[in-house]
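In what follows, chain A forms one complex with chain B and a second complex with chain C.
Coming up: the complex of A and B.
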């Protein structure tokens, strides 16, 4: 397996971790223990915190799943990008919005940086929060200054 | 075209069209039928006039908007750009009157480049984060 194929496999594996039935006992041969996970609304520092964030997302959104869209993967030797769809059902309060039990379908994109050993060292996530907030009836909150 | 050539085309498009807003160069960088699929907007931005209107609206609200490429990844005919765009909110934006606040709009966009021209873009911009910064 060449480096690009390995990066592809690592990115797919990362997204699979969000599924409810996935094992979160990460093997540190593919993700760095000091990985930085950077969202527009949060900066998560280190593998333990990433694990906690994934567990929290799973608890908020039932049947959580990330699907990389066709042609949505772009790979270089030390970086990669993925465009994806996130689906699930909001069953717990999130971002101040009480549980709606609404199904959500939200797009996003992530940029990955890899170290020389091929481990993920940084992930920057862009999610369409406006659509997500709209789907869980949170837009009124946004404009309620 | 090589991956490096595709990167150069996208950098040129960003500088000429999105930063300098020199729409006389629009056809130099884009193919007929060019469109931008924006996740938060139901309708795609199709063609020169639609993009020109969007950019006028954006720079009207944030006249000093500083659109920067902060990361770039490419493979084959695809080029992905991570943007950061700080600017001062000086006029109404999305129904919010000028606040005078400096906010940074962030986004990740994938450009599809065929035979030296951009055919389409998939854009994911943090509109929610931008609005939150104006609260």
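Coming up: the complex of A and C.
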């Protein structure tokens, strides 16, 4: 397996961790212990905290699933990008917003950086938070857009 | 310059020259006539429609600037992705939200497909519209998040 194939496999493996039935005991041989996970509304520092975040998301969104869109992976030796859809059902309070039991469907994208050993060292995420917040009634639009 | 290096440069020019300078001549050189420009809230069909958007947005957002860091473009032979930062001053009505005269800034990611000639024929944008709407007063948060 060359480096690009390994990066592809690692990115797919990462998204599979969000599924409820996935084993979260992922080893430090494919994700760096000091990994930085950067969202627009949160910055998670280190593997332990990333694992905690995934566990929390899995409890908030029932049947949570990330699906990489058709050919939505772009790969280089030390970086990769993925465009994806997130689906689930919000069954627990999230960011102060009470459970709606609404099914959610949100698009997003992630930029992965890899170290020389092929481990993920940084993930930056762009998610359609406006759509998500609209779907779980977290915001009011003040204009017709 | 090989195909991947050329695609990387094309993406950089698209963000930093076409958007930031409004260089429509360059847009004609690097964009295919049948370009599909896909946002979460709009789908523009054709290069001409996209160029109209560039002109329009540059009147609504003063000093509209897109910046991309050197390592934040990932490219293959037929596709690419970029993580970018946009900054501007909101001086005109955008999506029915009146001018706020606020300096705004958001991050986003774009996914690019290229045709056989090396021109961009599809762009999918994932940007932080939630943050932008919050900065210009287009939404009200219903919870403390």
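Quick note on the criterion: the second predicted complex is superposed on the first by the 140 of 145 C-alpha atoms of A that agree within 3 Å, B and C clash if a C-alpha of one lies under 4 Å from a C-alpha of the other, contacts with A are read in each partner's own complex, and residues count from 1 in each chain.
Heads up, the rule we're going with is that contacts are C-beta pairs under 8 Å (C-beta built on N, C-alpha and C of every residue); 3 or more make two chains touch, one makes a residue touch a chain.
Because the structure is a prediction, the values reported are computed rather than measured.
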Three-chain arrangement built on chain A, chain B and chain C clash or fit:
clash
With both complexes overlaid on chain A, does A:137 touch chain B (first), chain C (second), both or neither?
second
Greater residue coverage of chain A in the superposed arrangement, chain B or chain C:
C
Once the structures are superposed on A, label A:97 by its partner contacts, choosing first (chain B), second (chain C), both or neither.
second
On the A-aligned overlay, A:79 touches which partner chain: chain B = first, chain C = second, or both, or neither?
both
If we overlay the two complexes on their shared chain A, which of chain B and chain C does A:126 touch? Say first, second, both or neither.
both
For A:105, decide between first (touching chain B), second (touching chain C), both and neither.
neither
Using the superposition on chain A described above, determine whether A:5 touches chain B (first), chain C (second), both, or neither.
neither
Once the shared chain is lined up, is A:20 touching chain B (first), chain C (second), both, or neither of them?
neither
In the overlay, answer first, second, both or neither for which of chain B and chain C A:67 touches.
neither
Which holds for A:55: it touches chain B only (first), chain C only (second), both, or neither?
neither
Intersected contact list for chain A, partners chain B and chain C 40-41, 71-72, 74-76, 79-81, 83, 107-111, 124, 126-131, 133, 142-143, 145
Counting only contacts in the complex, chain A reaches chain B at residues 4, 40-41, 71-72, 74-76, 79-81, 83, 107-111, 124, 126-133, 142-143, 145
Considering only the defined contacts, which chain A positions touch chain C in the complex?
40-41, 71-72, 74-76, 78-81, 83, 95-97, 107-111, 113, 124, 126-131, 133, 137-145
Parts of chain C lying in touch with chain A, wherever the complex brings them together:
40-41, 71-72, 74-76, 79-81, 83, 95-97, 107-109, 111, 124, 126-131, 133, 137-145
Contact footprint of chain A on chain B as seen in their complex
39-40, 71, 73-76, 78-80, 82, 95, 106-108, 110, 122, 124-129, 131-132, 135
